[in-house]
Amino acid sequence: MSTVFEPEALSWYEGSARQRIAALVDPGSFREAVGPEERETSPHLALFDLPEQFDDGMIVGRATLDGARILVAAQEGRFMGGAVGEVHGAKLVGLLRAAKALGLDVLILFDTGGVRLQEANAGETAIAEIMRALVEARCAGARVVGLVGGRSGCYGGGGLIAGCCSALVVTEQGRISVTGPEVIETNRGVEEFDARDRALVWRTMGGKHRYLIGGADRFVDDSPGAFRNAVCEVLKGPGRLDLETLDAEQARLEGRLARFRTAGDAVAIWSSLGIDDAPAVPGLSTRAFRALAVCRENADDAR
Amino acid sequence: MRDWATQKAARAARIAAGASFARGKVVQAADLVPFLGAVLRPGDRVCLEGDNQKQADLLADALAEVDPGVIHDLHMVQSGIVLPSHLDVFEKGIARRLDYSYSGPQAARIARMLYGGQIALGAVHTYLELFARYFIDLTPQVALIAAVSADRDGNLYTGPNTEDTPTVVEATSFKDGLVVAQVGEIVDRVPRVDIPGDRVHFVVEAGRPFHVEPLFTRDPGAITETQILTAMLAIKGLYAPYGIRRLNHGIGFNTAAIELLLPTYGEKLGLRGQICTHWALNPHPTLIPAIEAGWVEQIHCFGSEVGMDDYIAARPDVYFTGADGSLRSNRAFCQTAGLYACDLFIGSTLQMDLSGHSSTVTTNRIAGFGGAPNMGSDPRGRRHPSEPWLKAGAEAYPSTPAPLRRGRKLVVQIGETFGDGNVPLFVERLDALALAEKLDLPLAPVMVYGDDVTHIVTEEGIANLLLCRDADEREQAIRGVAGYTEIGRRRDAGLVARLRERGVIRRPEDLGIDPLDADRSLLAARSIKDLALASGGLYRPPSQFRNW
Amino acid sequence: MTLAEILAGLFPQGHDVVVTDGLVLGTGTRPGGGVVHVLGVVEGAPLGIDGALKLAGKVLAIARSGDGTPILMPIDSASQRMSRHDELLGLNEYLAHLAKALMLAEAEGHPTLGLLYGRSAAGAFIATALATGHLVALPGAHPEVMDLPSMARVTKLSLDVLTEKARATAVFAPGLDNLVQTGAIHEIWNPQASLAEQLETRLAAPAAPGDRRDRLGAERGGRPLAAAIAERVASRVAEHA
Amino acid sequence: MERLSYTLDAPIPAGGTKSQAIVGVVASGNLEVLLERVLAPDRCTVEIATAAHGFGEVWAAVVADFVTRRAAGGLRIAINDGGARPDTVALRLAQGARLIAGDVP
C-alpha cells in the first residue's frame, strides 16, 4: 500500500543557485564575493538586447561545511541556461585561483548548458581557464567536488570541467554530457539521437547511468541534505591530482572503452554489468538503485 | 410501391463492393486505399473516429490517399480535427463539409483553411451535441473507427480508450451505415466485447496500437506559484463553502494545481471527505496523490490517459473497469454525467469579456470546444437537488420561493489575469466575434456563455457573479478580479470596494490566504517522477514527460 | 599551409611523424639535436573517446619519462565527435582526461605548445589546443565555438544581423582574430619566416607564471572584464578567509 | 531593453535590518529583484530593465500598489526582467520585501 508522497522542503532540481548554496552549507555561513550589489553584469548581452542578471548567473564565495572552511560556486541554470559567459566564467576562475592560494576545497554546483553563444569566444576561453585553474588547485592539494542535479544539467564545457573535478555527486535528474541531444540530432539526424525521447536522453546522460559506468562517485536524492552528506564523505577522501591519478584514470577509461565498445544502449551496458532487470533501472527509487548499483564500474578515485 | 429499405440495400452494396478486398471481414492494410474507394460514395457523411485523445490514424491516412476524382465532397462529421490527414482530405478535395467539435493541435491550420474557403463549415459543437446530431440529422453513412483488437467475427475490444466508439457505432450501424474498424491486432478471442461483431462490417489489422495523445498529463514541474494561489482560492473560497463533492475539472495547470493541493492544503483545511469525492474526469495523473490519500470515491472517465492503465486497473474501487480489469471509458455517458450529475465545472479559457463570455478562439487559432461548453453550462433539465446546487440557486434568485427555485450548477472560470507572452485574459471584445464576422457565421464560437458562468477565480481574487444584481455590477465584479490588465485597471474603485464588502469579490486576504504562502512545496507532487512514485510505480509516464 | 609543409618547416632536420585516422603522432628533431614530441588532431577529424584516450596515453607516457621534452600539438580538427555512443560512454571524461594529462605533463616539466593551423571547435578545441601552456596559430586557422548559421538558429537572429554585430565585437563570432583578441591564442606565427626558428624562440622563452590569457584578453580588448573580475574574486575570497 | 524608473513615497518602512536581499532569476517570464536599504525610510525607488517593451503603464500600477501595500520604505529596488507577467512581478516584489525584513532565512 503506497502512501502519500511528501516532498522534502527544497528540491535541488527546482531550487535556485542561491537556495541551493543556502541549504547546502552551514546555515548563514555563506559570504559571497562580487555579489549582485556590485552589478558586474555581462557587458555583451546588451548587444543582443537580452536582459542581464546582476550576478551573471554565477555565485561564488566562501562558507563553512560542518565547520570546515570551503569555497563554493553555483551556476544559476535558469538564467541563460546556466551558460558560461565572460563574467560568469571569470568568477569561477578567480575562486579556483584562490583555492590554490589558500589550499581550500571547492564545491561547484553545476547547472549549465555550456558556453553562452552570445559571448562564445569569451565563454570558451573561460572554460579553458577554469580547467587550468581547477587542475592547478588540485595539484596544490585542494579537492574540487562537482554537484550535478540542476535543470540545465552539466553540458558542453561544463561536462569537461566536471571531468576535471576530484569527485562528482549526481542525482537522477543530473545529466552530464558534452554534446547535448538537440545538437547531436541537428548534426547527425534523428536516427542518431531522438532528442525528444526523454527517457533515452536520461539513460544516455543521466545520473544513474553516469554513476553506473563510474562517471560519478556518489548518487543521491534530489535534496540539499543528501548532497551535503555525500559531499562531506567525498571530502574525506583523497583529491590529489598527479601522474599516478591520471595513469589510474587512463586504465579506468581504457577498461570502460574495452568493456562497452560495442554496447549500443545504456540498457545493454547495465545488463553487462550484471543487472538482471536492466530496463527497470530508471524507475527505481534511490535506495533500491544504490543497492543494485554495487556492481557498477568503480570510479576508484581515479579522476 | 415505395421501397422502404433503400438504406439497407445501399449498405449491402457497399459491403459487396468491399468484400472483394476482404477475406471474411478482414481487409489487409495494404488494400485499404482501394477498399475505401470501393465502399465510399461521393457526398457521403463520414465519421472518421478521433477525438482529443484516440485516433483512427491508419484509416485517416488511407482516406487522405483516395482518389478525389472518384471520392469527393464528403461531409465529415467527427469529434476531432487532430491529425494532419484530417485536414489533408479537405485540401485534396476528398471532403468538403465539416461538422466537428475539437481541433486543438490543428487550430492554426484549420483557421487558415476556413478563411481560405477550403472547408465548408457546418458548426463547431460540443461533444455531446455532435453525438446528439448523429442520431437526428448528421447520421454517418460510413464510420471509420479504432479499437485495440478484434476477433474474426468483428467483435471489438476498445480497451481503456473506448471513448466515442460505442456512440459512433450505435448511430451508424443501426441506421444502415457501414462500420470499418482499424485494430491493433486480430486475436482469437477479445479480452472483453466492447462492440458486438454484428455492428462491424470490416476490420483492418494495423499491426500497431492506434495513436493516443497524452492530453491530460500536466507536468507538476510547470505549475507556477500564481497557479497555486488560484488553486488555494478555489479550494478555500469555493469548494469548501459550497461543499463541492461532485465535479469536473478542465485540463489546465490551475486545476492540476487544485488536484495536487488536495492532499496537502486541502488536508490542512480538514476537507477530506467533504469535497471532491465524485468525479467526471479523465484519469488525470495529477489526481494520483489525492486518490492515494483517500480523497476520491469514484471517477467516471471520458477516455483513458497514456501510462495510467495499470494504475487504473489496480484501483477498481475508484474507476469503472470491465471484466478484463481495464478501464471502460465512454465519452457520451461521461459528458452526460458531467452535465447532469456534477455540481461544479472549473476550467480555463484564453479570453473573457466584460459579460463573462469566454472563448478559446483567437483570430489565428480555432481550437474548437471539446466538452467545455457542455460541462460549463447550467442544465435546465436538472431536477435533483444537492446542497451546492441549492445554495448557488439561492444566491442567484434570492426572491424566488425556495420550492420553485432552480438551483445553479457552479461554472467557474479560473486563470491568471495574463497568459503566455503577457496576453491579457480579459478583453473588451472576444476575438470570436471578429472570426464570426470574417467567416460570416450566424453564431460566434463562444465556449462558455456569460450567463452560465457563476464564478471567476484569478490571482487577485474570486468574483461571485451569482450575487451581481445588474450588468453594471457584473462588469465591475469582473474588472475587480482582472488584475493589471487594461480591463482591471479601468475599474470603478468605489464600486469594486462595495462589491468586496458584500462578498461579491473576495480577495486572498478576505479568505485568510497569504499570497506568499503559495509555494511549490505545497504541491503533493512536484514532478512527473513524484507522480510515478506516488502511484507505487503503477503510473508509467510516456517518454516525453520523463526526466529520469 | 599543409601539415607536411608545417612539419618540414618546423623540423628541417627531419621528423618521424605519422598520421593515422586523424591523429598525428611522432617526434621532430630540433636543430640542436634534441627532439620534440608531436601529437595532435589533424585532417579535420572529430575527437572522440578513442582518439582522446590514445593521445592522453601518449602524453602520460611522455610525462612519466620526466625528461622535459617539449610537446607540440598541431591542431586542425572538427569539434568533439557528436554521437550517441561517445556520450553514452562518457565523452566528457575522456576529453577532460586528455586536458588534464596535457596540464600535468606541463607541470612535470614538459612545455606544451599548441599549434592551430586549421579548424577546431567546441569541446575538441578545449581538450587539445586550449589545454596547452602556450597556443600559437598560423594565419588561415579558423577556430570556432559555433558557426554563425547555427548561432542564427539558436539566437533567432538573421545571419545578416549576426554578421553586422560580429563587426562590433570579437566576443562571439568564429575566427582566428577574435580568439586572439579574447586571449585564447597567445600569438600568431609568421608563415613566411622560419617556423623552426619561431619554435626555438618559443621553447627558449621562460615559462610564464600562471595563466595569463585573461590579461591578454583585457590588453587586446576582446575580454574587457574577465581578468579584473577573476582577480577581484580571488582577493575578496582571500580577505574573507 | 526598456528602462523604467520610479520614485515613490513609501508609507511603510521596510522591516528588519538587512542591508540587501535578492529574489528571483532572470528567465523567460521571470525576473530578479534586488533590494538595497539605502534610502530615507519614507522613500522607495524602483529601476527596471525589461525585455518586454510597452508595458510602462502596467509597471507603474504594479509598483504603486506594492509600495502602498508592502513595507518598502527605504528601499532602492532594481529589477532585471525577462518578460514576467504582472502577477509574477507583484509576487517577487512581495517576496523581496519579506526577505529583506528577515521574516524568512
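Here the chain labels run A, B, C and D in written order, and each chain numbers its own residues starting at 1.
The rule is short, and it goes like this: a contact is a pair of C-beta atoms (placed from the backbone, for glycine too) under 8 Å apart; a residue touches a chain by one contact, two chains touch by 3 or more.
Everything numeric here is computed off the predicted structure, so don't read it as measured data.
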item: Required minimum of steps from chain C to chain D, each step between chains that touch; value: 2
item: Length of the shortest touching-chain route, chain A through to chain D; value: 1
item: Chain B-chain C separation of Cα centroids, rounded to whole Å; value: 59
item: Centroid spacing, where centroids are CA-atom means, of chain A and chain C in whole angstrom; value: 24
item: Chain B and chain D, separation of their C-alpha mean positions in angstrom; value: 41
item: Mean-CA-position distance for chain B and chain A (Å); value: 43
item: Interchain contacts, given as pairs of chains that touch; value: A-B, A-C, A-D, B-D
item: Interface residues, chain A side, partner chain B - complex; value: 2-7, 9-11, 13-14, 172-173, 196-200, 202, 206, 208, 282-283, 285
item: Contact footprint of chain D on chain A as seen in their complex; value: 16-18, 22, 27-28, 36-37, 39, 46, 49-54, 76, 78-79
item: Sites on chain B touched by chain D in the complex; value: 224-226, 416-418, 421-422, 459, 483-484, 489, 515-516, 518
item: Contacting residues of chain B [partner chain A, same complex]; value: 221, 263, 289, 292-293, 520-521, 523-527, 529-530, 532-537, 540, 543-548
item: Residues of chain D that touch chain A when the two form their complex; value: 1, 20, 22, 25-27, 30, 32, 34, 36, 49-51, 78, 80-82, 105
